[in-house]
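Below, chain A partners chain B and then partners chain C, in two separate complexes.
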Partner chain A sequence: MKVTVDGRTIEVPTGTSAIDAVFAAGLDVPYFCSQPYLSPIGACRMCLVEAGSPRKGPDGTLILDEKTGQPKIFWFPKPQASCTLMASEGMVIVSQSASVKKAQAGMMEFTLINHPLDCPTCDKGGACELQDRAYEYGYGDSRFEFDRRHADKHYNLSENVVLDQERCIHCKRCVRYFEEVPGEEVLDFIERGSYTFIDSAEEGLPSNFSGNITDICPVGALLDNVSRFRGRNWEYDHTATVCTACSVGCSITVDARNGQLERIQGRENYQVNQTWLCDGGRFGHTWLRHERITTPMIREGGTRAGAWVPATWDEAIRLIRGKLGEISSKNIGLYSHADITLEEGLALERFAAQLGTDSVDHAPRYSSASTLVPPTLLEVSQADFVLVLGADVHEEAPVLALRLEEMLKGGLLPARYEHGTAIADLRMPERVVRQRHKLVVFSSKSNLLHGKAGLAAEISGASALHDLLAGSAAFADIFKSLEAAQKPIVILGAEVACLGRAVLQEAETLVQKYNAKLLVLPAASNSSGLSHLQLVPRGKGSSLQAMQVGAALVSRLEQVPADFAGFLMVHDTHLTEAATRADVFLPAVSSYEKRGTFINLEGRALTLRGAAIDAGESVDLMGVIGALGDALNLKPEIRGVRSAQREFQKRLNIDLSSLPDEGQIINWSGTSSAATFSAATSSVHSSVTTMWKPNMLRGKNVVPQQARELFVGGDD
Partner chain B sequence: MPDTLIPPKPITSALDSRFKPSLYARVGIPNSFSLESYQAGGGYQALRRAFAIGNDAVIDEMKKSGLRGRGGAGFPTGLKWSFMPLKDGKQHYVICNADESEPGSFKDRYLMTEDPHQMLEGMIIAGFAMRASMGYIYIRGEYVLAAERVWAAIHDARVAGLLGKNILGSGFDFDLQVHRGAGAYICGEETALMNSLEGLRANPRLKPPFPAQAGIYGLPTTINNVESFCAATQIIRYGWEWYSSMGTEKSKGNKLFQISGPVQRPGVFELPLGATFREMIFDFAGGPLEPIKAIIPGGSSTPMMPWTDTVLDAPMDYESITAQGSMLGTGGLILIPQNYCIVNATWNLVRFYAHESCGKCTPCREGIGGWMVKMYEKLVRGQGKPGDVELILDMSDNIGGKSFCALADACLGPVLSSIKLFRSEYDYLIANGKSQYGGSSRWAD
Partner chain C sequence: MLYFTDKQTQLADIFSRYPHTEQGRRSALMPLLREVQNALGHVPEENIAEIAALIGSTATEVKSVMSFYSTYHTTPTGKWHLQVCATLSCAIAGSDELWDYLVDELGIGAGEVTPDGLFSIQKVECLGSCGTAPMIQVSDVGFSECITRRKMRTQLEQLRAGANYLPDTVVPVFIQDGQQLNALEQKIGGKYSELEPLKF
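Then we have the complex of A and B:
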């Protein structure tokens, strides 16, 4: 379809809106109410352009201009809102004329008459769409001489989001966002006309995804309360990285100021999180700056009873050398949290091999992993039937719940252009009726997904799975749906996945029977990557639960077995419970400060980049392994991200140092893969799931309570 | 030459002996709203005829009749009905827009209180033609008596087998439900009405999709005004030839005109389209009580017209009034007397639109609701400055045609026309701090 924008004729796909045609032509038009991934509504009326199209006569041919002999353009009498105008073949759009500029400036004047213009005290200043657009397209002055509208200013909508009703320009992005993306209608306009204001009728914002409205608000009406007043937008160092709070791997921007992490914002990844984040990932970063330890510490007097005293790395290494000299290297255990990067995991694997120790493990992890290729998140949103067994998706992989909501809406994805995701995709209507019959949820406790499913029951995922395999008559409807579905997906949550190989085998049988895809929600953020490395214990007593070793390095795990009496080296950001029993404390960097690669639940490799956060003398796991190597006079095989990535280049034939921004699905076949993992775990005592590290929201676990109870019981 | 070859001159005056009132024929009869009275007058004959000729023939007759929507926009009703996807097998809806809120319009109110069955019959016929099995009547909240009468009529019709399953043995199922609005002018906009009916905030929706593709609950829907449904009843009852014998070339049929302001007999009058303002004002309303300077021809949103012989002798039909720079609208005439300040009168209307703006789009919310009304208040208080009228004109240019729905444009109708016709009054008020017609006004609070 050919469209002419200000004299430039461009080719755009059918269904393109006029605003996207203008951007596709490399021109700009101001807008406030449109937002990629949301339905266009045409409320702000800023994106005015002049437009006209050729028309066909009664004989079916284009009506020609008598003078020029070219198709005659029939112009709309007035400028049109380009976000709600569908481009058509031969359409002519004028976005840069004087009359368009006048119309836009006039609309800007209206938008600003009731805006308080308190930019100097507004957190949005410097990153404000209204500020930018007023500067670019406004008169620079106002003829409005009356009192501005006064409304409630800066009060907390919830713990995390603060609302300033006076600053609101009524673009309705937040209202549409809640209805369309998480499907939780918690905000709306109240009153009408010039008295219209945004508010919630309920206490707070009962949604797991409320923070996203602070990203999409074009003004400073909805602000992130956690980062409020902690910096101006131009003072922040922005780092594009990936959230490691769960296994989804949302793209984020980490904003640091003066070496301190202050704010996390969503970053677009069409494949993974679109632009959305969960509240845990967005707001749950403040734990990092409280009581963080950034220097090595050793005990006064050299006994565990002694108080901690800060030390240099040299002192710490000297102490470790003295202790480990008495112990056989096979008797050293290496244990880490399962959110380490792939590179750190490889360093751990190689170092364990170098030591010759069987005692290496990562936690939390399930005792078994599936060998089937998981569906991608886009495939989840495109699925025509999803069966969720034993999962609390909103807790285990929150943004996956948004893709399920998208699936219920029919899986319509916005178009993509060279200038980015469609600003206004007219195929996306407001208030889509949810196809609830496409979702079935079974888990022992009711969770948020139950309310969205066509069929949901509080029965254990494992027993439902068992009955499904047995062909229970009670599930006749589900069998029918599974058979009719072209792209069915089964999602297994922690409640089922922790039960071990036999149950996983049942799930694999079920999905193979119906040609479905199986998505097992990983136990921790990088579990799906680490499961392809040799990071599981191989002998009796070598697991993290038993920990029958003379000395152990425990990296960022909260607990060690109560009867462990050996030399304990704890690598962490804070003085955790495990650290209180340690002989030496080694400071750790957080995931926000690391460089490396992270594999999400769909097997997608995503790049972590270190934000400009002052972490003192903290090091990552590779740094600790280097220190241990120093102490033992060994030269570790993997000593940095680059040497690890060289090894992965050999193993996987992929260059992890230059992954595309959207990440890349990794094909692990042909490597020592999950098969090895499964074989190894058959001799493993049990999973190490009592070692849950509370996630970034302290006191609130990523894995739901019921799964936690199951884990504590063990799966042997 | 046989008579049949000479087309008879169309009826364009209610004084024409061939003209017989139909829509309002029964208003005034005791108990005109009861089913017995309605049936005694030949009620529900049109429905029987519709069943006899079939649903496609009904749409065809509606198209041929030339009926144009009586809610104000004047879109051809038969064409609108034919937009419904007749064979898609989905649930279809018929909605009656009885949210008559336009200042100056009050015809639907009496149609509902005095002759509700006429409207119900039209809705059943529409439902039959458009394969709908459900209809909603969205009645303005203030119309309490109308809602009660319509409810009672629906009840009587159900009991008599005129609503419900298998109506009159035709095999056609149809039922009606009354919904009372909560007092918002914007609910008269069809998509806002559907939102309100669904329990949502009454904001207009994006079009396309048009209601015939995705209306209420996302299903094909047709919305018509009360008078349009009543006219449908008459058209199907007497045939399209009778209906199109009235009116002008492009504006067929008869219409209810309302008149308010200082006239002898304000009220609702049934005239054929093409009757002149003079006939309406002098022959029916008995003439003005005091000197008049402006006429609002079709409800408050239509631009004012000057009180001149040219205007008075112009036929009241869609085309002629448009040619004169205004609109037929709902046919609600408002006369503005000579000795009242036009700025004050316009302020009264602007206040209404500012109050009724839904707040969805910027030009209406901020332009009308936030600014225009304050400009007028300032002028009326005598605090106007030179340049204020130019500012109002420039604001109007920034608002006009750029808002989401027609509400903002409706407000500009009286604003622009009053400035165009009575600029001297604005200038006098600004220069002297008070109106040349004294400070008081019948519209002041």
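Then we have the complex of A and C:
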């Protein structure tokens, strides 16, 4: 379809809105209410353009202009909102004329009538759409002289989201977001006309995804309470990285100021999180800065009863050398949390091999992993039948719940252009009827997904799976749906996945029978990647629960077995319970400070980049392995991200150092790492996975309270 | 107190007017609100939640719809709910003074009820009787028009004395068989079927 925008004729696909046509032509139009991934509604009237199109006469041919002999353009009598105007063949759009500018400036004047002039104290300042657009498109002056509307400026919608009712320009992005994305109508306009304000009647904005409205609000009305008043936008160091709180791997921007992590915002990844984050990932970072330890520590007097004293790395290594010298290297255990990068995992695997120890483990982890190719997140949103067994998706992989919501809405994805995701995709309507019959949920405890499904019951996922396989008559409807579905998906959660190989086998049989795809929610963020590395215990007593070794390195795990009496090196950010029993404390960097690769639940490799956070002497797992190597006079095979990536180039034939921004699905089959490693023992870790790590939970409760005391309740 | 628990037939009747789908159920919002308000004079919080649950939505949504219309109340109203038009024609003709008079005379503000439970007051936008400004609407019964201080005082006295309210104009409400009726079920104008073409 050909459209002419200010004299430039461009080719756009049918269904393109006029606003996207203007952007596709490389020009700009100001807008407030449109937002990629949301329905266009034409509420703000800021995106005015002039438009006209050729028309056909009764004889079916284009009406021609008598003078020029060209098709005659029939102009709309007034400027049109380009976001709700569908571009049509031969349409002519004028976005840069003086009259368009005047219309836009006039609209801007209206929008600013009630908007307070408190940009100098507004957190959005410097990153505010209204500020930018007023500067670019406004008159810089107003003819309205009456008083501005006054309303509540510190209205806590929830612990994490604060609303300044005066700043709201009624674009309705936040209201539409809740209905369209998580499908929870917890926010709406109250009153009407110039009295309209945003409010919720539901106590504390009960949604797992409330923080996203702080990203999309075009003004400073909805603000992240956790980072409120902690920095101006131009002071932050922005780092584009990936969230490792769960296995979805949402793209985030980590903002640090003066070496301290202050804010996390969503970043676009069309394939993974679109632009959305869950509240845990967004607000849960504050645990990091409280009581963090960033230097190595050793015990006073060299006994475990001694108090911790800060030490240098050299002192720590000397101590380790002394202790490990007495122990056979086979008798050293290496244990890590399962959120390490692929590179760290490889270093761990190689180092364990060098030591010749069987005692290597990562947690949380299931005893067995499936080798079937999982569906991608986009496939989930486009599935026509989804069966969820034993999962609490909102806890185990929150943003996956948004893809399921998208699936219920029919799986329509916004168009993509060279200028990005469609700003206004007119195929996306408001209030889509949810096709609930496409979702069936069985898990022993009722969770948020139960309320969304056409069929849901509180029965254990494993017994449901068993009965499904046995062809139980009670499930006749489900069999019919599975058979009829073209793209069915089965999702297994922790409740089932922790039961081990036999149950996983049942699930695999079930999906193969119906030609479905199987998505097993990983136990931790990088479980999917780490399952292809030899990081599971092999000998008796070598697992994390047994830990029958003379010395152990424990990286960011909360606990060690009560009867462990050997030499304990704890690598962590905080003094955890495990650390209180340690002989040496080695400071760890968090995932926000790491460089490396992380494999999410769909098998997509995503790149982690280190944010500008002051972590003192802290090192990642490779650093600790280097130190152990030093102490043992052993040169670790993998000493850095670069050497690890070289090894992966060999194993997977993929260059992890230059992944595309959206990541890349790794095809393990046919590579030397195709096999997944199962533990010899079928011991499993807890069936409860939650993205709220213990210290995140602590941070969640502590910080906004403090923030309020410091900044809102005080003399702000 | 839940309102609809013992009114299942009535409830079924209201829902039967809309499609039997998830969206259709939501359409019953307005009549349900009206039902509660007619009975109680306002819609209390717990009934907002009740209606939200009935139509499968949230209290936020229900409140949003309610607050859009000035005719739904979240606070109790008196037996006679006086709605003072404050839009342009009435404002020019003295609706501000009328409002102040009512506030002084009744000793209440917006959202309050006189201790005897008789009166409550509210400012509303144009009621479509601009030619007879200033005017008020009394409950759902009718309009008092071309109000002067004396007229207002007399009317309040009569209502206090227990007299029935006599509107200048009755609010037009229903159309039945093409015939519009007012709140007193009197005919307004003719029937469509009785209309004849004009003869010149």
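Convention: the second predicted complex is superposed on the first by the 675 of 716 C-alpha atoms of A that agree within 3 Å, B and C clash if a C-alpha of one lies under 4 Å from a C-alpha of the other, contacts with A are read in each partner's own complex, and residues count from 1 in each chain.
Criterion: a contact is a pair of C-beta atoms (placed from the backbone, for glycine too) under 8 Å apart; a residue touches a chain by one contact, two chains touch by 3 or more.
Every value quoted in this text rests on a predicted model; they were computed, and no experiment measured them.
Clashing of chain B with chain C is the outcome of superposition onto chain A. With both structures placed on the common chain, the touch criterion links A:200 to chain C but leaves chain B unconnected. With both structures placed on the common chain, the touch criterion links A:542 to neither chain B nor chain C. In the superposition on chain A, contact of A:186 is made with chain C only, not with chain B. By the document's definition of touching, neither partner reaches A:618: not chain B, not chain C. Contact with chain B, but none with chain C, is seen for A:111 once the two complexes are overlaid on the shared chain. Residue contacts after overlaying the shared chain place A:433 against chain B and chain C alike. Two complexes overlaid on chain A leave one chain B stretch from 94-102, 112-120 or 292-300 clashing with chain C, and it is 112-120.
In the superposition on chain A, the residues of chain A touched by chain B in one structure and by chain C in the other are 188-189, 191-192, 431, 433. Across the complex, chain A is touched by residues 21-23, 48, 57-64, 67-68 of chain C. Interface of chain B with chain A (complex): residues 184, 186, 200-201, 205-206, 209, 214, 218, 354-363, 365-367, 369-371, 374, 378, 391, 394-395, 397-404. On chain A, the positions that touch chain B within their shared complex are 40-46, 48, 77-79, 81, 84, 102-103, 106-107, 109-111, 113-114, 143-144, 146, 149, 169-170, 172, 188-189, 191-196, 429-431, 433.
The part of chain A that touches chain C in the complex is made up of residues 184-192, 199-202, 431, 433-434.
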